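In what comes next, chain A is part of two complexes: it sits with chain B in the first one and with chain C in the second one.
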Partner chain A sequence: MNAARSVAIAVFKESVRDRIFYNLVLFAVLLVGASILMGQLTAGQDVKIIKDLGLTATSVFGLFISIFVGINLVSKEVERRSVYPLFAKPIRRSEFIIGKYAGLLLTLMVNVVVMTVALYTVLFFLSRGVSPNVQRAWDAPPIDPALLKAIGLIYVDLALVTAVAVLFSTYSSPMLSAVFTFGLYVVGQCNEDLRRLDQIVGGPAAGIVGKACYYLLPDFARFDIKLAVVHGIPVSAGYMLWTTAYAAAYVAALLLGACVIFSRRDFK
Partner chain B sequence: MTRAGAGAAATVCLGAAVALHAAQDARYPSPAIDRPELLYVRSGDTIKRLALDYDAFAADVYWIRALQHFGGERTAPPDHVRDYALLYPLLDLTTTLDPYFSIAYRFGAIYLGEPYPGGPGRADLAMTLLRKGLAAQPQKWQYMQDIGFVYYWHLQDYKSAATWFQRASEIQGAPSWLRPLAAVTLAEGGHRSASRALFGQLAESEEPWLRDAARLRLRQLDAMDVIDALQARVALYQREHPGEPVTWQKLVAARLVPSVPVDSAGVPFIIEATGRVTVARESPLFPLPGQKPDNSS
Partner chain C sequence: MTPAIRTRELTKDFPVGFWRPRPYRALDRLSIEVAPGDVFGFLGPNGAGKTTTLKLLMQLVFPTSGDAEILGRPVGDVGIRRRIGYLPENPYFYDHLTAEELLGYYARLFRMAPVERRQRVTAVLDRLGIGAERRLQLRKFSKGMLQRVGLAQALLNEPEVIVLDEPMSGLDPLGRRDVRALILELRDQGRTVFFSSHILSDAEALCSQVAILAKGRLAAAGRLSDLQEFAVHGWELVVSGVPPHVLDRVRSRVRSVTAITGDRYAIDLPADARPEQWLAELAAAGATLVALNPIRETLEDLFVRRVSEMGDGGRPATATRVPRRGPGPGSAA
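So, the complex of A and B:
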């Protein structure tokens, strides 16, 4: 596992070199700019909207990193032929895949943690001068620890997207991998429609196909608790655990699939 | 060319493009067309799918658009034909994307029913929006109170208003003043004292926009009291000068009023040709309940 760790650290360092963390500056500017403007535009809903914006931006920026860095993780190494000297060293292909995946997860974690700190900071300053009476009318407190639940599931969501991108990256070109990953992400958002396909299309066959797709494809909508958290609707620990366990199982399946595909590739 | 030179040249070219753009706008100004606003997608279900899992943020965008549309129309210059046609679709989209967006329902309750020109005068849509909110959160007493408010103020159906205030009062966590309000509405619905009780409570609300709306209603009620007193003076003058058109100047000359009376916004009251006293169209208090946008009752 030392080899996987070395690969992961190398991926993280490469992310820093590639200036991926510049997106944090954009995030900060977006939040601060919005917090200044929102007060005049939203009829007292600025805290709610900053929460929505912060969570959405954390998810969108993370999604872009997951997809566009994830699709290049393996394919770039193959195209640049840098895997050849690497595989001359004592490293298994599965360790290479897992190391790449873990490295990107580390990058995403640093990204998400910094964005979370920025979001709480902006919320703190935004709510500082607001009287307790007005705050009582809000659905949830401004500095709400429950936001961490939504952010936690965003991270889990990103981990799953990254695993999908890595899987496609092992056998497809970056362009196709991006299209497949994003396509699967969109389908995974509309999973509820697949479950009800028999009601939409009609016929038992459609129902069976729809149900099969519903269970087989990753259900990305499951990770979205942003709306509930922002409105102070409780999200149980059980839901968090089930969803995380589901993602862990799915990620494991995707990474195993990626390792199998990558181990069968011929690099001669 | 050096890097600095290229940078300077690029800056000069960009500056030239901006200057040309501005000069062209000045030379060929766009005609000032009063275009109606566009709403490309009106289906909440479609937008919900397009928004992926960013529906809460999309709801915020539609909420801001609803506010801008309403504010833009309400504060438009007098020559602009006010059209609040997008207010309900925008609020409907907002609440489809985020069914727990309380302020969107409650804002709709206050302003969808507002008579023209202050609003679209669609109490029915206000009610539809609030019932949608109740379907999402059946225990939200605020929506029941707001339905009661729409029945009370816009539809003058005091029995239904009292029923909704009563229903709201029965929800756990509802304020204690709702139960007596239901009783007062049933007993004295339409009386100004009952209206004052309702808006007095709403004026204590924690939401600034709801407070402002309630304070406006209280000012309208005050204006109605003043109008009653002025109407008595006008009637007195008419009795003494039958058939003569009545103006404030004549009433001042007859010492029936000390000066031209103004409402709480500082706008003079008007005397219609029929001798009826009311608030002027220019006043923020216009229209009073029962007053039509063309200034006739």
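So, the complex of A and C:
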């Protein structure tokens, strides 16, 4: 696993070099801009909108990184043939896959942490001048620790998307991988509908296909608890735990698949 | 003694064609052995299957049948890679890394401690003559410089067995000379060097053993001196100052007469000719001897002979050879 760590560090360094973290500037500008605008329009208004915006941006920006960096992680090295000298060294192909995955998770982690700090900072400044009495009428406190739950599940969501991208990238081109990963993500958003496909479209065949897809495809909607958190609806620790375990199982299966496929393929 | 490299009936089919892929036999039942300490030249025209063989040895592609061992261990054994070095054909590394960073990365994979890592990286870069450029990103490297980086990374772990795919390609004459010197140095250190080439002079200058591959099959293997026919095939007599009428008389009795410069001629005598008699005759006519060379089979002759002997019949029935890239298998190097 030492080899995997070296690969992971290389991925992280490369994302720094490729200016991936510049997205944080955009994120900050967006957040600060929105809060200035809001402060001018409606002083003392609930900070819900900023929370919602912050969480959505964290998720969307992360999604872009997961998909567009993820699909290239493995395929780029195969296409450019840098795998030739690499795999003549003592490193297993599975270590390479795990390392690539872990490296991107690290990048995403840094990204999400910085975004979290930025979000809390903006919320702090927004709520500073508002009297406690007014704040009490809000759905949730401005500096709400529950935001961390939403962000935690966003990260779990990104981890799963990254695993999907890595799996595709072990055997198909970046373009196709991007389409597949994005497609799976979109379908995974409406997983609930798949289960009830027979009621929606009608017919037993649709029901079977829908059920099969429901159980096979990851249910990405589970990770989205933004609305609940923003509106102060409690999210149980059990839900957090169960959802994380669900993602972990998926990630393990996807990475296992990626390792098996990649370990058997010829480098042309 | 365990061979440094051994292949047994090593065979590789590539699927070609998009809609109905058919197997294309790039390598056909190759069995060779490379003894430890040898410099082994793996020769063959373009498309012969040399790169495929080397990739099979590195487990970059997997054999259709047969197997291969390095230092007595199956090539699938990851542990064996600590003891080998590999230079791919036209190597590509990471554009955005410097030579130093690249080697540092590879050194980590060999689990070298930081001090050793720095030492080895510096040592191989120095050895390959990569100076201040080592702090430049590889995207700024010329083809020849990249080849040197490729050689440097192949030597990073002080490997016992070094596998080089066309090590001289892309190098200028000075670079070629450096690589030759390097290979001989590695041999003197007791390492095994297995290199592929389609340039025969490289092999002639370096190898103790060669294998000639053509159309995926072994055409010849062994000691260079055993393979080449050292029997004299004829004589090349270079003379000057031969009167024209004498020359006309000579012409009909020899294989050829070629004008070189001025009054200097090369006379190609048949194998059964007695050069002493010819010398005497020409000297009597007023000619001066410039040179007398026996004509022996060169590696090139051997190569051409063995490769053409492979003919078209040597192919297995299962595989239709439809070259997908590069020049066809028939085109000589």
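As a convention for this text, the second predicted complex is superposed on the first by the 260 of 268 C-alpha atoms of A that agree within 3 Å, B and C clash if a C-alpha of one lies under 4 Å from a C-alpha of the other, contacts with A are read in each partner's own complex, and residues count from 1 in each chain.
The rule we apply is simple: a contact is a pair of C-beta atoms (placed from the backbone, for glycine too) under 8 Å apart; a residue touches a chain by one contact, two chains touch by 3 or more.
Treat the numbers as computed from the prediction; the structure is a model and nothing was measured.
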item	value
Fit-or-clash call for chain B and chain C when the two complexes are aligned on chain A	fit
First, second, both or neither for A:52, with chain B first and chain C second	first
First (chain B), second (chain C), both or neither touched by A:60	first
Which superposed partner A:234 touches (first chain B, second chain C, both, neither)	neither
Which superposed partner A:203 touches (first chain B, second chain C, both, neither)	neither
First (chain B), second (chain C), both or neither touched by A:224	first
Touched partner set for A:33, first chain B, second chain C, both or neither	neither
Touching partner for A:134 - first (chain B), second (chain C), both, neither	first
Chain B versus chain C as contact partner of A:189, first or second or both or neither	first
Angle at the Cα centre of chain A, taken between the Cα centres of chain B and chain C once the superposition is applied, in steps of 10 degrees	150
Larger contact residue set on chain A - chain B or chain C	B
Lowest C-alpha to C-alpha distance for chain C against chain B (Å)	21
On chain A, the residue positions that both chain B and chain C contact, one per complex	none
Contacting residues of chain C [partner chain A, same complex]	14, 55, 58-62, 78-79, 81-82, 84-88, 91-94, 96, 105-106, 108-111, 150, 153-154, 163
Parts of chain B lying in touch with chain A, wherever the complex brings them together	49, 52-57, 59-60, 63-64, 67-68, 98, 100, 102-103, 107, 205-209
Contact footprint of chain B on chain A as seen in their complex	41-45, 48-49, 52-53, 55-56, 59-60, 133-134, 136-137, 139, 185-186, 189-190, 193, 220-221, 223-224, 226-227, 230-231, 233
Residues on chain A engaged by chain C in the complex (per definition of touch)	2-3, 6, 10, 14, 17, 80-92, 264, 266-268
